[in-house]
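By letter and in written order, the chains are A, B, C, D, E and F; residue numbering begins at 1 in each of them.
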Amino acid sequence: MDRMLKTTGLAALMLAVAAALPAFAQDATTTAAAVAAPVMDKGDVSWMMTSSALVLFMTIPGLALFYGGLVRAKNMLSILMQTTIIACMVMVMWVAFGYSMSFGGGTSPYWGGLGKIFLKGVNASSMSATFSPGYVIPEYVFICFQMTFAAITPGLIIGAWAERVKFKSVLLFMAIWTTFSYFPIAHMVWDASGLLFKLGAIDFAGGTVVHINAGIAAFVGCLVIGKRVGYGKENMAPHSMVMAMIGASMLWFGWFGFNVGSNLEANGGAGLAMINTFVATAAAALTWSGVEALQRGKASMLGAASGMVAGLVAITPACGTIGPMGAILLGFIVSVVCYFFVTVVKNAMKYDDSLDVFGVHCVGGIVGAMATGVFSAGWLGGVKDDTYSIAAQSLIQFEAVALTLVWSGVVAFVAYKITDVVFGLRVEADVEREGLDQASHGETAYHM
Amino acid sequence: MKLIVAAIKPFKLEEVREALTAIGVRGMMVTEIKGFGLQSGHTEIYRGAEYAVNFVPKMRLEIVVSDGLADQVVDTITKTARTGKIGDGKIFVIDVSHAVRVRTGETNDDAL
Amino acid sequence: MDRMLKTTGLAALMLAVAAALPAFAQDATTTAAAVAAPVMDKGDVSWMMTSSALVLFMTIPGLALFYGGLVRAKNMLSILMQTTIIACMVMVMWVAFGYSMSFGGGTSPYWGGLGKIFLKGVNASSMSATFSPGYVIPEYVFICFQMTFAAITPGLIIGAWAERVKFKSVLLFMAIWTTFSYFPIAHMVWDASGLLFKLGAIDFAGGTVVHINAGIAAFVGCLVIGKRVGYGKENMAPHSMVMAMIGASMLWFGWFGFNVGSNLEANGGAGLAMINTFVATAAAALTWSGVEALQRGKASMLGAASGMVAGLVAITPACGTIGPMGAILLGFIVSVVCYFFVTVVKNAMKYDDSLDVFGVHCVGGIVGAMATGVFSAGWLGGVKDDTYSIAAQSLIQFEAVALTLVWSGVVAFVAYKITDVVFGLRVEADVEREGLDQASHGETAYHM
Amino acid sequence: MDRMLKTTGLAALMLAVAAALPAFAQDATTTAAAVAAPVMDKGDVSWMMTSSALVLFMTIPGLALFYGGLVRAKNMLSILMQTTIIACMVMVMWVAFGYSMSFGGGTSPYWGGLGKIFLKGVNASSMSATFSPGYVIPEYVFICFQMTFAAITPGLIIGAWAERVKFKSVLLFMAIWTTFSYFPIAHMVWDASGLLFKLGAIDFAGGTVVHINAGIAAFVGCLVIGKRVGYGKENMAPHSMVMAMIGASMLWFGWFGFNVGSNLEANGGAGLAMINTFVATAAAALTWSGVEALQRGKASMLGAASGMVAGLVAITPACGTIGPMGAILLGFIVSVVCYFFVTVVKNAMKYDDSLDVFGVHCVGGIVGAMATGVFSAGWLGGVKDDTYSIAAQSLIQFEAVALTLVWSGVVAFVAYKITDVVFGLRVEADVEREGLDQASHGETAYHM
Amino acid sequence: MKLIVAAIKPFKLEEVREALTAIGVRGMMVTEIKGFGLQSGHTEIYRGAEYAVNFVPKMRLEIVVSDGLADQVVDTITKTARTGKIGDGKIFVIDVSHAVRVRTGETNDDAL
Amino acid sequence: MKLIVAAIKPFKLEEVREALTAIGVRGMMVTEIKGFGLQSGHTEIYRGAEYAVNFVPKMRLEIVVSDGLADQVVDTITKTARTGKIGDGKIFVIDVSHAVRVRTGETNDDAL
């Protein structure tokens, strides 16, 4: 697919075919692409706008409820508020300089430059390329779609150290991390001049950019910040599994925008991404529940929801290039691995990742990234032809994973330290006991 | 007057209330409580974190009656709330020195 | 409309007109249709992907919350979990063999054969026909759309015997029933070679396949399984009318995917299905509330929600062929009939259909199926021309209803009996009192 | 833009350009427009159907939850029920006579006549014009889209006098107000023959028609009806900030249908409306939170949600003609103004607008309408060219605002008085204390 | 010392609390309860299933005071909580033999 | 027998329960209450409307024990629930004249 993007000479000829084929992913920002007059198909525009709205919905209320339901009632609003304000802040950062840093047209392998800060030069007639030569979508729509990715990613991190960090510290940390980890990595993976894009890494909808990126930053955070007061002694059961389930379901619903929208067009390739997003998730939820049922006789709702999210994370990089049966297998694998991680490894290592951001997003993201290298092969049901080498691609995938882990890990560590010096990270123990809703927001979630 | 405090199984509440009404009790206060006793709670596991819930839900009844009615109330509750299984509950009797009906200011037995 | 599907000779000529006309419903699976090169319009693809996501959203969280809000708090998670896991299980069954059994290309009137098990032969370029000759959509998209129908239908059944059945028994029953009732009936109604399709039954979006099918299986279930412990004595009021209302609203929202998506194209016919889905539902909610207000002086939220769902059920088979005024009338009729059923008939017959699956889905579905035969007539605002005979069509509709009732009823009865032998259907009385959340899933819905 | 609508001669030539340009707003009902055969692009149809569903979702459950979460638990169902039944009632009114009164083809500046009552003459092939000459969408779709606007607007009003009005009085008032204020004003602003449309007022998605219109009717209501029992003494804190946050997020999500759908096409102009709807809202939520943080040290979830809604209200009229940086500025301004209104002015004036409908929707709507006049100028990032006069347009915007305030205010006052005479407006004090859920609907929201 | 237990209408809580503070009461425990008495409950109907809710929400106050203050507390509650309508509530007085303030270990009147 | 009523800080509940079990207490009733005392509540502001929440959440324990055990129970709660900060809570002791175990009908000390 990535090759196709470079052979613009064949464009006209390939139009009919390409429309029905899966394409790599969300790059393509220059305003004109093909030789003939580029076509803006309103069907694509319609789908991309729907997708953008869906990804916002994933974030608020989706992610907010999934996380919020899992904390104690006294911290519910802190989760909702953090997710909301982080998303809003990143949206403003995105149009101010984030879009430019990621897709500004610069040719550095590490960032997009400042050519489009404050959306300089973009108007309602500007177009962005899709993966089918000759087909474009309005640049504003591309900006919106990518903006929603930037807005949800930092929000994923908060789950790891939920219930114990100061609100202003959360915001400061996120401003730094998003600027120095998210924007560059988005460029590296999705922009045609990006390091990992050039390397040939396959990351259809953001396994590295979103999940590994956020997951490792979360992990570093819970090591730096430490355990919750009362961890292991007090009952910290989810205050509302109902909200958590609603949130997880909304994540699945919105994830169609996330994964299928990453195709940038409404065609057969989008259909492939969609069916994979259905069946991998279903298989993962079934698997997690099955493992629980075998292991302790009862399948829990939290287990099914966790499996769902793990499946969604794993299929994210893979959904454009593997087949539905590969997707089912992937869903199975990721649930087994993540289950093992959050129940055995976490307990053994004794860190307090409140909502298992590392165990689900980072570990699941790595499983997905590596499986993409394998299951994309044609003989395993993927879309790649005979020239495709699993070994070669797996090496590339590994490099992409490793680079993301190191980059984001380092940026996160520095950002936590800066934040700690400026504002301090944790609230007082007494405040933690009282709950962040009162202390940080002056409200109570429920007055029944 | 006596204050009778009873902890019973929640699904027995309606039956007990009816039985007490039948013998002339005209009021009570009911509280949802967590009971701790011989009846054991349960364990919940959330992604590998195990929480022992040592309390079981019970209903706590408070009924103030004239001294004469007290024994009958205790008997009635005992009979009606009994299932024979562990956790059926307890009844305690306490002396009340004074009672007032807020609406009218009536006191003691008249207030009940 | 069905005739139109057969006269492929006129295709080219009719293209312009057809694009704006309502079409019958979700059949059409062969990969190529018209004489000229088939057109995949990205606008159709966009709409069908949106519709597929919407129908998932109807199921989880929609249906899960509608049902879950109506049970007692101690059984909340059991409903959420059953809805979720059934949907996931059926999705995997669907790609494994369900799609093939329903739309596998076989020419039996009863099932589609095994030609497409594990989606054999389908890839991102495979196309499925729509109702406009010459227009196609990606087969993966068609598979996804139909998959969401298969995933929600068995979930409807659980409402009838909510709060008292073992979790594993639910799953075993559903695996059997879906395989032997849902898949064959979907074939019979929607596949061009299906028995009821050939008969000429009009079921635009699934009145028989979904609602009557599930509704009768539910009814058989509550007879076989018996009443809840404490039924008629204990207070079994909905634990959260708020969740029930949210769920009902989500059902309405998602139902646009369900009904309008069944048009397979984004055109004027889709617009007709959409307006009918709006006004029939509105009229039904108003009617139920009005009847309650007249009868006992207060219109309840549960009444309005019940009316909404009854209206949605009734308009499902009819939305492609009747007019908006017919839809309003249908909404009125179905609410009156279902209200009578769930308040008078159910109490008289003394069965315990916990959430009135029979009274709303089955009865409402029958009202809808029969009304479709009537209101489709041109002089009653429908799209049929003068050659249309209400009497003839009503007979066909009746046959379709009767066949579905018998087929599904028998399959369900056998499936309940098998499940009872294998695992037992009911939980112990003590477990029922404690609640299924603790007993079957080891969790509590709310820790406030 | 409005001029463009009149120069049909240039149509063919402008097609390519127009497809990527923002267009004025939701007028255009005549079934044929351009000289050549009009084109129905399925991408537009797909987007408009998605938008219609989204606006329903804004109403129920969105608005219902946003408002419902903010009242006390004992009145929760009354809010859900009022929102639901008002929407259903207005939908039926809309197809009966509302659509005709607004867009019936009549040439009066004040209403659309009765030419299309009961949707006379509309069928699945009828088409409505868009803003691009030569492009049409199915009239049923246009009717549905506009219907959802009519259905949500009266629902906004109930927030001002929540927790104290009789249910049947709510419905009677709404029937009168919608007929005599909403339908005519929709005609005046959006129909090509409407008074304000001809005047040249810019109201892309309904700042006057929806927010000022409802906001002033709400204000008149809380003056006429009076304060809640216990106002200023009892604790009237939101019973569930969680529901309020979910509702606000759903409003944002659905608002993409509202604002972007108002473009009637999926093109570059839609992209502009979308990005503005993202960033204005984000900026407004940030601003409100920031002001709170500065003023009392804590940023509340209700503050962020209020800012969100204020931003959405303000960007509604402006989103088609201003630029993203103008949108951010607008988000900032509206939050500061509305914050001042609901915290200072309201307390000083001592009226009891339970959920600040006036302070957010009316005031925010006015800010948006006036800012539209300013920020639409090209040199301020808007789409207007050099011939555009801010002063001239601002005068027009002011006239539109003033007319709406007076018209709706008078209609509302009369409607309240009529309702008071017929049924009485308020419930008894004791009933108010017990809560409307019990008294009006015979239900309790939560049985935990 | 006396333990004064009172069941009152929920919306009277703030007023009663303020009145008690005014006469020197410095602490109390408040519980949301379901009250059963002359004041009747209501009926809820859900799709034809009728449920009689026999209980009405009340607030239960527990105040421990020195013997000397007890009568005044009872009086104050009686006056402040009264609306004159059925369901205003009851006040009961019970003897307390011992009291401790956890923080300091102070006992009896010093603990209050 | 004595009824020991204690109001403590919620997060101390588990610790107190364990300590009491250790000294032989076999049952109790626990209620979530709103406490009013020296420890002040907090203020919530919703769009400019300020609400003073004067109550703080506490756990209320009720334990009936034989006279002999009462002092030890009071001591144990005092020690275990103490944090030294304001709001640690109170303990009150009340006489119980009669006790019954519903399941068996056993009375008084046998019922505990």
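One rule holds for everything that comes next: a residue touches a chain if its C-beta (ideal position, glycine included) is under 8 Å from a C-beta of that chain, and two chains touch if they have at least 3 such contacts.
These numbers come from a predicted model, not from an experiment.
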* Asked: Which neighbours do subunit B and subunit F have in common?
  -> A, E
* Going chain by chain, each one touching the next, work out the least steps from subunit B to subunit E. => 1
* Asked: Where subunit A and subunit D touch, do the two copies share over half of their residue numbers, giving same, or under half, giving different?
  -> different
* A-B compared against B-C, more contacting pairs -> A-B
* To do: Quick one: report the Å distance separating subunit A from subunit F, using the average Cα coordinate of each chain.
  => 47
* Asked: Once you find the CA centre of subunit C and the CA centre of subunit D, what distance in Å lies between them?
  -> 33
* Asked: So, what's the distance in Å between the C-alpha centres of subunit E and subunit A?
  -> 53
* By residue number and range, which residues of subunit F touch two or more other chains? -> 14, 31, 44-46, 53, 94-95
* Multi-partner residues of subunit D (at least 2 other chains) -> 41-44, 46-47, 50, 235, 237-238, 296, 300, 302, 442-444, 446, 448
* Can you name every chain pair that touches? -> A-B, A-C, A-D, A-F, B-C, B-E, B-F, C-D, C-E, D-E, D-F, E-F
* Asked: Which of the residues in subunit B end up touching subunit F in this complex?
  -> 2, 5-8, 31, 33-38, 54-55, 58, 60, 74, 77-78, 81-95
* Residue ranges of subunit C in contact with subunit B within the complex -> 230, 233-235, 433, 438, 442-444
* Okay, in this complex, where on subunit B does subunit A touch? -> 44-49, 51, 53
* Asked: Can you list the residues on subunit A that touch subunit B in the complex?
  -> 235-238, 296, 300, 302-303, 306, 342-344, 346-347, 356
* **Residues of subunit E touching subunit F in the complex** => 1, 3, 14, 17, 26-31, 62, 64, 94-103, 105, 111-112
